[in-house]
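Pasting the structures in now, so scroll down.
The following pair of complexes shares a single chain, chain A, combined with chain B in the former and chain C in the latter.
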Partner chain A sequence: MSVVFSRPRFRLEPYVEFAKVAMAKEATYRFDVFTNIASVLVRVYILRTVWVALYAHNAAPSELPLHAVITYSTIAMLMSLVMDIDQTRILRDSLHDGSIVLDFTKPMRVPLYFIANGTGEVLFHAVLMIPALALALFFVHIDVPSFGTLAAFLVSFLLGYSVGFCINFILNCTAFWTLEITAVQFIVTWITDLVGGELVPLVLFPAALQNVLVVLPFAAMFSTPLLIYVGHIPPAQYAGALGLQAFWLIALGAVSVVMWRLGARRLVSQGG
Partner chain B sequence: MAIIETADLRKVFRSVKRRPGVGGAIAALFSREYEEKAAVDGITMSLEAGELVGYLGPNGAGKSTTIKMLTGILVPTSGSISVAGLVPHRQRLENAQNIGVVFGQRSQLYWDLPLRESFALLRSIYDVPRERFRENLDHFIEILDLDEFMDTPVRQLSLGERMRGDFAAAMLHDPKIVYLDEPTIGLDVVAKEAIREFITQLNRERGTTIILTTHDLADIERLARRVILIDDGTIIFDGPISRLREEYGTHRTLVITLADSYEDVQIEGADVESREGNVVRLRFDRRRTSAEALIRRAMERYALSDIAIVEPDIDSIVRRIYREGYTEGAIGSPS
Partner chain C sequence: MKRLKAMARAYREYWRINVLTTLEYRENFLMWFAFTIVYHGTALGALWVVLTAFPSMNGWTFRDMAFLYGLWMLAHAVNNTFFSEIGNIPDHVHEGEFDRLLVRPLDTLFQLIATPGQTFPDELILAVSYFAAATWYSGVHVGVLFLIFVPLIALGGALIDLGINLIVGTLAFWFVRVDALQWIVAQLEQEFTRYPVSIYSRSVRLLLTFAFPFAFMNYYPAAFFLNKPENALALPPAVGLLTPLIGLAFVSVAYAFWRFGLNRYQGVGH
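Presenting the complex of A and B:
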C-alpha cells in the first residue's frame, strides 16, 4: 500500500514557532535548569578528582597529559547538557497517549513538528552551557585551543549532535511497534556513555578495541569533537574525522527517514 | 452537493490472537497468530453541506475508525471517500486545512501553554489571516466565556474550561467540516449545555457540516436531525430521528406499584421488563394493546398503589436496537 501525501506550499513559520514554544517551555522548569547545571558541576568536579588521582599513581599516557584529560572531561560534561536530552521524546509520548492522531489532523508535517520541538529544547540547554562553563572554571582549568581548532570543534560538535539526534529519533520511532522502549533506550545510553568517549577518552582503551570503537557512530557523537578540541586529532586529520561523522549523519539520517515512513505507514494502516 | 461521500468503505485490522493464560502469553513471545477483523465493513453514506449528523453505535461498532478515515489518519482497506472533493488519506495536508476535530477524551491544546499561546500556534499552523483570526478569537472568547482563563496554563483548567478551549481551537481556521467525537463526555450539565449551544450556533450561523459521535443521546436529541446508526461496522439505520422514533417507539412501558406483595406478576398483552420490590415495569406494544385495557386488567388482578405510563426516549430506542438489531419495519409490527 502506498501512502502518498500531496504537498501543498511549505511554510517554515509554524516550525519556528514550535521551537520557540519548546524553548520557552524548558525555561519554565526552573528547578530542572538548576539541577542540570548543578549536576554538570558535580560531575566535572568528580572527574577532575578521579583523573588527578589516577595520573598521580600511574604513568601518564603520552597521548593525553593531565591538563588535556581534564579539559576533555569538562568539555564532555558541558556537551552532555545538550547531548543527553531525549529530544524526540514527544514522538514516543504522543504514540503512548494516542495524541499523535490529533497531530495528524493538522496541516503540518508531523516529523518536522517533533524535530522542531526537540530543537527548541536543545537550544535552551545550549544556552545553559555558558553559565555552566563559567561556574566550572572555579574548579578546573581548561585549555583554550586556537581559533581554527575551536571552529573545527564546533563543526564536529554540530555533526556529533546531529548523529545523536538521529539515534534518538530512531529509538523513539520504535515506539510505533512496541510501546516499551525504556530498556532499549537504557542500553543505548549506557553504550554511548561507555564507548562514545564521554566518560573515558577512547585513546585510553587498548589499541585493538580503539580501532573498532572510533569508527562507530557513538564515537562520532562525543569522541571526535573532544579529540579535536584537545588537539589529539591534528588539523591534517580533520577532513577524515569530520567526513566519518558526516557519513554517519547521512546513514543514520536515511535510517531515520525509513523508520518514520514505516512507522507512519503502520499507523495509517493499523491505527493508533 | 454532497460534501462527504463514502462508498463501500471498509477497514480491516489485523491483530495478534491472544491465547489464554501464562503459557499463551509466553507462546505469543515466539510465535504469533493473527486474526483479521473488519472494524468498518462497507459503509456508504452521503452528507450534504451544512448537515449536522449524529453518528451512533455501541463501543467497538466502528465509529472512531470511520472518523479516522474521514480525517485522513487511517487508510481504508477498500472503498472510496471524498471529503470536500479531496481524498483524505492521499491529501492529508489539504484535507486537514478543511476540517476541525474535537475529541472529548483528548486535547489538542498544549498542556504547558496558556490558551492564548495555543491559539497563536494554531493560527500559525493553519495560516489563518491575522485579521480573521482576531475576529474569530474575539467571537469565541465571548460565546464560550474564555476570557477569565485565557492566560492560565491548560493543565490547570477544569475539564469544562478545557473543552471550551478545545472547541475554540478546532474552529479558529473556519473549518468547513467538523468532527466531534464524544465532545460532552464527563462534563457537568451546565458545561454540556454551553457546548451544545455552541455547536448549534456553529451549524446554524456558519453552515458548518458536523458529524457528532456520542454516547449521550441527549446530545443527539438536542442537536441532530439525522442519525446514522452503526453496529459491527455496518450502517443499520440512516434517517431522521423522527423515523427512528416512529419505527421503534411502538413500545411503551406501564409502571405499576403493587399495594400488596405478589409472587408472580403477569398481565396479558404485556411483558414484564423488570421488577424491583413492588415496582413492576411492563412493556407493551401500543398497537396491539391499549393502555386502558392493560390498566383495567392489572387492576382486576392486583391491588395497586400507583400507575404510570412511560413513553420511550431515544436512549431506550437505541438501546433496544443495539440489543435486538435493526430490521426495517419488522420489529414491533403486528403479525
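Presenting the complex of A and C:
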C-alpha cells in the first residue's frame, strides 16, 4: 500500500464505545421501534393464517409438518430483524460525503470502526427480538428444540449472520468505484429472501432447484440455521452444514478484505 | 378555468422534467427498473413455489393467484406512477420545504403530486404487460364488461393506495418522522393483497373490506372475474365492480383528513 499507517498498540475499548454510540442512536427513534414490533406481530398472524390455509386444503408434504413450518417462518421473521439491516451503510455514506478521508486520519482501524458501528446497530435490533418473540407467542406456538439443537442453531445463525455481513460489506465497498448502489442492494436483499429460504423453506422448492440453491451462500444465511432449528437437518449432518457455511464465510471474508484493500488504495491514489 | 389551465401547464412541465431527468440518469433508471422486475419476480416466485407444493389455497390455484397479483400490481403501478410523491410528504415537512408550497397560488396537494423527480411509467408498462399475460394464463373471459371495468378498477385501486398513503403522510404534520409506519403500511398492503382474503378470520376480513379496503384493490374484483363461488363475506359477487366507487369514497375520507391536518399544520420551526 502506498501509505504506511502508524500502528499503535491495538485497544478494543474505542470500538466498544463506537458500538455503544451506534446502539444509542438506534434507540432514539422510539416510534420506529414500536411500529417495527407491531409489524412483526401482524406478519406473524399473516404467516400463520397462510400456512394453516395451505395445510387445511392439501395433503401435507412429508418434509415439514404444519407446526414445523410455522416455527420456521416465525424464527425466520425474527432473524430478519437483524439480517436485513444495512450494517455497513456508514461506509457508503462516508464515501458519499467525503468524510472517509477524516476517518483515515484518526488513530483507528477504519474497517473495524465500520464493523463496530454496524454491530452496535445490530445488537440493538437483536434485543428487540425478545419482546417481538414474546408477543408473537400470543399468535403462534413455536417448537422449542433440545439444548444441543438450539446450540447448533445459534452457531449456525452466527455463521449465517457473518456471511450476510460480508455480502453487505462487499456491496458497500463497491461505492469506492460507483456511487449509487441502493437499487443493487435492494435487488440482492429481495433475491436473498427468496432463494435463501426466508420466505418459503427451500425444502418445499422443486427438487432440481433445491439442489442448486442449498449450496449457495444465500442458503447459508437463512435456510441452514432454520432447518437445523426445526430438526430437518439432523445432528449427523451438522458438520457438513456448518462446514459449508464456514466455507462461504471464509470465501466471502477473503473477497471483503481484497475489496477493502483495493478500494482504500484507490482512495489514496486519487488523493482522497 | 384559468386555474385549470395553469395546472395543466404545470403538470405537462412536470412530466417533461421527469422524462428528461430519467434520460440523464440512465444507469440509475435501469438499475431501479431491474429492481422493480426483481421485486415482482420474487413475489411471484414465492407464490409459484408455495402453490407448486400445495396446489390450492382455499380453492385458489396458482393461475388464480397470478391474476389476483396482476390486479394489485396494476393498481399499485398506477399509484406509483402518478402519486408517488405523496410518500415524500414527511421529507417535505421535515426539511421545511413544505412551507414553500403553502404560499404558492396553486392547490397544495396538486403541487405535491406534481413535484418532479425521476418518475417514469416503467412500472406501469410492466404491470400492463404482466396483467395481459396473467389474464391469458388464468383463462379469464375477456368481454366488454372486463374491458370497461378493469381500467376503472385499476384506477379505483390506485385511489385506495393513494388514500392510505395520504393518511400516513398527513400524520407527519404531527409526528414528523413516520418512515417506519410508511414502510410497514406498504408491507402490510402488499401482504394482505397477495392471498385470497377468505383465508383470514372474520374480523380481519371486515377490516380489509370496510376500514382499510385493500380487499377491493384485487380480491373482490378477482373473485368476480374468476367466477369464484364464495367470497370473504358472502357478499354478492358483483361487489367486485364497486372498486372505483370505494376508491373515490376512501380517497375523499383521506382528503378530508389531509385538509384537517393542513389547517393545523404549524411547521417544524425553520
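One rule holds in what follows: the second predicted complex is superposed on the first by the 265 of 272 C-alpha atoms of A that agree within 3 Å, B and C clash if a C-alpha of one lies under 4 Å from a C-alpha of the other, contacts with A are read in each partner's own complex, and residues count from 1 in each chain.
In the analysis below, contacts are C-beta pairs under 8 Å (C-beta built on N, C-alpha and C of every residue); 3 or more make two chains touch, one makes a residue touch a chain.
It should be emphasised that the depicted structure is a prediction, and the values quoted were computed from it without experimental measurement.
For the composite obtained by overlaying on chain A, chain B and chain C can both be accommodated side by side without a clash.
In the superposition on chain A, contact is made by A:R43 with chain C only, not with chain B. In the superposed model, A:T35 makes contact with chain C only, not with chain B. After superposing both complexes on chain A, the closest C-alpha pair between chain B and chain C lies 7 Å apart. Chain contact summary for the complex, chain A toward chain C: residues 29, 31-32, 35-36, 38-39, 42-43, 45-46, 49-50, 52-55, 57-58, 61, 180, 183-184, 186-187, 190-191, 193-194, 199-200, 204-206. Remark: chain B residues 13-14, 65, 68, 71-75, 89-94, 96-97, 99, 101, 103, 106-108, 110, 112-113, 117, 120-121, 124-127 touch chain A in the complex.
By the touch criterion given at the top, residues 27-28, 31-32, 34-35, 38-39, 42, 45-46, 49-50, 52-59, 175, 177-181, 184, 187-188, 191-192, 195, 199-201, 204 of chain C touch chain A in their complex. Residues of chain A touching chain B in their complex: 1, 3-8, 11, 13-14, 17-18, 21, 25, 28, 97-99, 101-102, 104-109, 267-272.
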